[in-house]
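Handing you a structure now.
Chain IDs A, B, C and D follow the sequence of writing; residue 1 opens each chain.
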Amino acid sequence: MDLTVNLGGIKLKNPVAVASGTFGYGLEYADFIEPEKIGAVIVKGTTLHPRPGNPGPRIYETPAGMLNAIGLENPGIEVFLREYLPRLRERQVTVISNIAGNSIEEYALMASLLQGQEGIAGIELNISCPNVKQGGIQFGTDPETVRQVVAAVKKETSLPVIPKLSPNVTDIAAIALAAAEGGADALSMINTLGGMAIDINRRKPVLGNVFGGLSGPAIKPVALKMIYQVYREVDLPILGGGGIVNHIDALEFFMAGAAAVSIGTGNFVNPCLALELLEGMEKYMQEQGFSSIQELVGIAHT
Amino acid sequence: MPSLEKARIISNSKQYHNLYIMEIEAPKTAKQCKPGQFLHIRSNPGLDPLLRRPLSLYDVDKKAAKISLLYKVVGKGTALLADMLPGENLDIMGPLGRGFSLPESAKKCLLVGGGVGMAPLLYLARELRRGGNELLVLYGVGNEKELLALERLEAIGSQVQIATIDGSRGLKGPLIPPLFSEILSNERIEFIYSCGPESMMKLWQEWAGINHIAGEVSLEEYMACGVGACLGCARKARPDNEFYVKICKDGPVFRLDELELE
Amino acid sequence: MDLTVNLGGIKLKNPVAVASGTFGYGLEYADFIEPEKIGAVIVKGTTLHPRPGNPGPRIYETPAGMLNAIGLENPGIEVFLREYLPRLRERQVTVISNIAGNSIEEYALMASLLQGQEGIAGIELNISCPNVKQGGIQFGTDPETVRQVVAAVKKETSLPVIPKLSPNVTDIAAIALAAAEGGADALSMINTLGGMAIDINRRKPVLGNVFGGLSGPAIKPVALKMIYQVYREVDLPILGGGGIVNHIDALEFFMAGAAAVSIGTGNFVNPCLALELLEGMEKYMQEQGFSSIQELVGIAHT
Amino acid sequence: MPSLEKARIISNSKQYHNLYIMEIEAPKTAKQCKPGQFLHIRSNPGLDPLLRRPLSLYDVDKKAAKISLLYKVVGKGTALLADMLPGENLDIMGPLGRGFSLPESAKKCLLVGGGVGMAPLLYLARELRRGGNELLVLYGVGNEKELLALERLEAIGSQVQIATIDGSRGLKGPLIPPLFSEILSNERIEFIYSCGPESMMKLWQEWAGINHIAGEVSLEEYMACGVGACLGCARKARPDNEFYVKICKDGPVFRLDELELE
């Protein structure tokens, strides 16, 4: 059974990654699951300078989903490289770095800082975080800006670059095409949907940041549709995710066109999901007579 | 090292109104437990609710590999827990978090537990007594039927003082320092532990400050991961701090001098 | 307790409507709930000519939600006026007609056919149905087209006109503003999110139409956010809905800025929901000392 | 007139493998029931699964206001049903849909039920017998343990012929006309009723056509509203028809000459 994937130049031992922001810097869950066995660990979104993040409450459960407004709390890229990366390298974890900038220049600068760092397999560009007001969301909603960000980053690094697309747009395919034009090696989709909740007792928005990002099974149908659409229109491998909590969900994503999948909220429900899901997929593939995961990619289109 | 485990439910029953005690057999988990830590529990195999729910270690019997949980039904997750039957499996993850610190040498400790806030304090009391500490427990509830931990507390040899809102037992009133001023004036407390509504703990924090007593409190916040991976359970240690602590990993237990309660 | 609402000129006896497409032509549920007691019954989307709708499967359950791709099956506006409207009029149901056209002219023509028809309280403009390829969705995603459709309809009718906005856009406030400029009397939001599901056994999209619209509790956070945003930027009453299944959900919508709410998928779960929910709201208002529903509208903003 | 009712569960138990029978007390609903109609059932108060699930009327005792359901656990909704206990309430809506038509004068009727497709046919058989009709029931299952309705069918005086896939009882093979050709050649069937996998019913539709026998079948489709309000449960009566019938309202029972099975 061949489960390896080449995701735009990143060699994955298996096609299941854990999504940025849901798996910390890769070792927080190490008591429960060995991060080096996971296809790829996409670490918490990192910015040039440290960020304290948003005031609480930062998370809230919604029907079959959750809202988060972490606000990109992180210690900054230097601390990441100095303190976290060496430990991940030592354990031979396949690390994809996730970066978010306030300007095209900042994205480029961060890419140059990652260039040449041993132990980083690729860069996921968070151009779609709904919880940061400067930068963040607007980068991901205008095709021309997306093209420019990707191009600027590609200039600074030889690492595979994977822009992460926001679903909060009218035309996801246009954004995906722009990312391809900018030189993206693969696409990651989807990030969270914009959402909010109100506390009827306090009569106020629940989240400290008012708005947050919706993730979890609730958004799975939206993610599948966008991946299905982009698969038809853009010739780049897709790292697909949004609401995956079991192997059946994951299979849906492969069939819609994802070359690999990412698990976010599902890790909170079951920290061993990334590997358990793999077993379920293998069983399905065996039973159905598939010998390579590639055979499943986009199969629902034919 | 914490683990994921399907623990077998030994008993699960309503004690009074919306208060339940569940006893589980958890061989992998029980032996790792320290007072003040918590289990992150999946209340159902479905998607509603989706996330795990944190519950404190109410009591632990390492030899028998048993853990007791004391919980109050407040919403969907706890309601589903209450429906579970002996023999069923409970999906637990833990023990998680930083628990209470135990004094190096025997001390006179004050434990202040309000309502279901007593949950983490019974196991703490047990371990403190094992270490030879002397305990004064202030136990505040709405009415005497909610005093679920009382028997066990007394059995392990703690001195318990009770406050009930309705006056059905002990002093009448909320669990705040003035109500116990007379009792406390005769005691030489060296350390205070507290869990309950934050507004109550804040008053005890002030009291401890005035009396130069060190101590610890256990806090709550919505949680997703429970292990410091999502940064969801954040709160500021002090209002003017720029950065946030995480309840699940830096806590749930904090030293009184680490933070300002609200 | 004052529960009446003036929704852009439509007087509602209470602020709870049932959403288009989920309550048929108003009498299908009459064995379970008296339609004349409901704030407003928004009838199934109607087109100029009869439409057979999409091939099945047309609906599919998803986590805390459902997908539908009915494809606007309806007998056409003439049959609606001749066969269904009289029965609703007889029972004194507050009827809001929901129309969908293939062109601006068709919208205008349908509005003129509704003009002067006794028993119609207002017109909801479906400019956001994701299941019709001609017309339908594209009308709702371009601000200028939205302005034109609304203006064209307003010219033909003195009935209150309520465009129903699609959430599948980058900037909902821009669409809402365009609708206001076109002369909208109120706004209805949100329609369903685009989504899909894949049957891993058949390895094909589940729905006959491939894509469908996602509704139900899963989308509630998205709906609340969009309503909260539009409430701040546009001075029109909002008919808010998306995932309401109990009175707490409904209260969230009022607090976010909805002047009235609509129940769609919730009717399938509990056909008496529209009235039961009202009871729950009244109880909350009594306990919290509110005497009019108006006092709750937008209260989470202050 | 159908109604919404919280019916009390009298019994609910596994019969074999994933097959269950539940008996409920439903005073408002029971008295309205006709064979072939269905109840639209909420399997849990939560949101997962969200929608109701249609189940046929397996048996109805109007005097005692009791309804029996025969169901197969195939997914989340039916699994939750299987977990329910006697004494709990079941949220039902019904009876819904167009049921079977009963002959005006006594006839010789053939009932063809495959697996859990027998669900709507037992109650039909009961009512047909009450009308003095003569019944030949062809009952096909995987193995003899699944013949849950057999006793009741025989008790009401129907002649039953069995087919099992594994040959554990009756004829060995699938429930299709050739298997019963001998038996049927000696019968003068005047009307046929069938429920089961559509591919099986299609073969019986063809058989009925050849033999000029009128009849009815019960169909399935995903449902949301159950009352014709959402237009979700649509299918074409014939491939070349432009318009769609709704299983919940135009059916679930259809005349054989109304549609082409697939």
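Here is the rule we use: a residue touches a chain if its C-beta (ideal position, glycine included) is under 8 Å from a C-beta of that chain, and two chains touch if they have at least 3 such contacts.
All values reported here derive from a predicted model rather than from experimental measurement.
Student: Pick out whichever of the two, C-D or B-C, is joined by more C-beta pairs in contact.
Tutor: Top pair by contacting C-beta pairs is C-D.
Student: Cα centroid separation between chain A and chain D, in whole Å?
Tutor: Centre separation, chain A to chain D: 47 Å.
Student: I'd like the Å distance between the centres of chain C and chain D, where a centre is the mean of that chain's Cα atoms.
Tutor: Here chain C and chain D have centroids separated by 36 Å.
Student: Per the centroid of Cα atoms for each chain, what is the distance between chain A and chain C, given in Å?
Tutor: 34
Student: Of all the residues in chain B, which ones touch at least 2 other chains?
Tutor: Correct list: 47-48.
Student: What positions in chain A touch 2 or more of the other chains?
Tutor: 63-65, 216-217
Student: Have a look at which chains touch which and call the overall pattern line, ring, star, complete or other.
Tutor: Per interface graph, the chains form a complete graph.
Student: Sort out for me which residues of chain C touch chain A in the complex.
Tutor: Residues 62-65, 67, 141, 168-170, 193-198, 200, 203-205, 210-212, 214, 216-222, 224-226, 228, 243, 248, 251-252, 255-256, 284, 299-300 of chain C touch chain A in their complex.
Student: Touching residues of chain B toward chain A in the complex: what are they?
Tutor: 1-4, 42, 47-52, 93, 221-236, 242-244, 249
Student: Which residues of chain B touch chain C once you look at their complex with the stated criterion?
Tutor: Counting only chain B, the residues touching chain C are 47-48.
Student: Which of the residues in chain A come into contact with chain B in the complex?
Tutor: 21-24, 28-29, 31-32, 44, 52-53, 55-61, 63-66, 68, 70, 73, 216-217, 245, 265, 267-272
Student: Would you pull the chain A residues touching chain D in the complex into a rising list?
Tutor: Touching chain D from chain A are residues 63-64.
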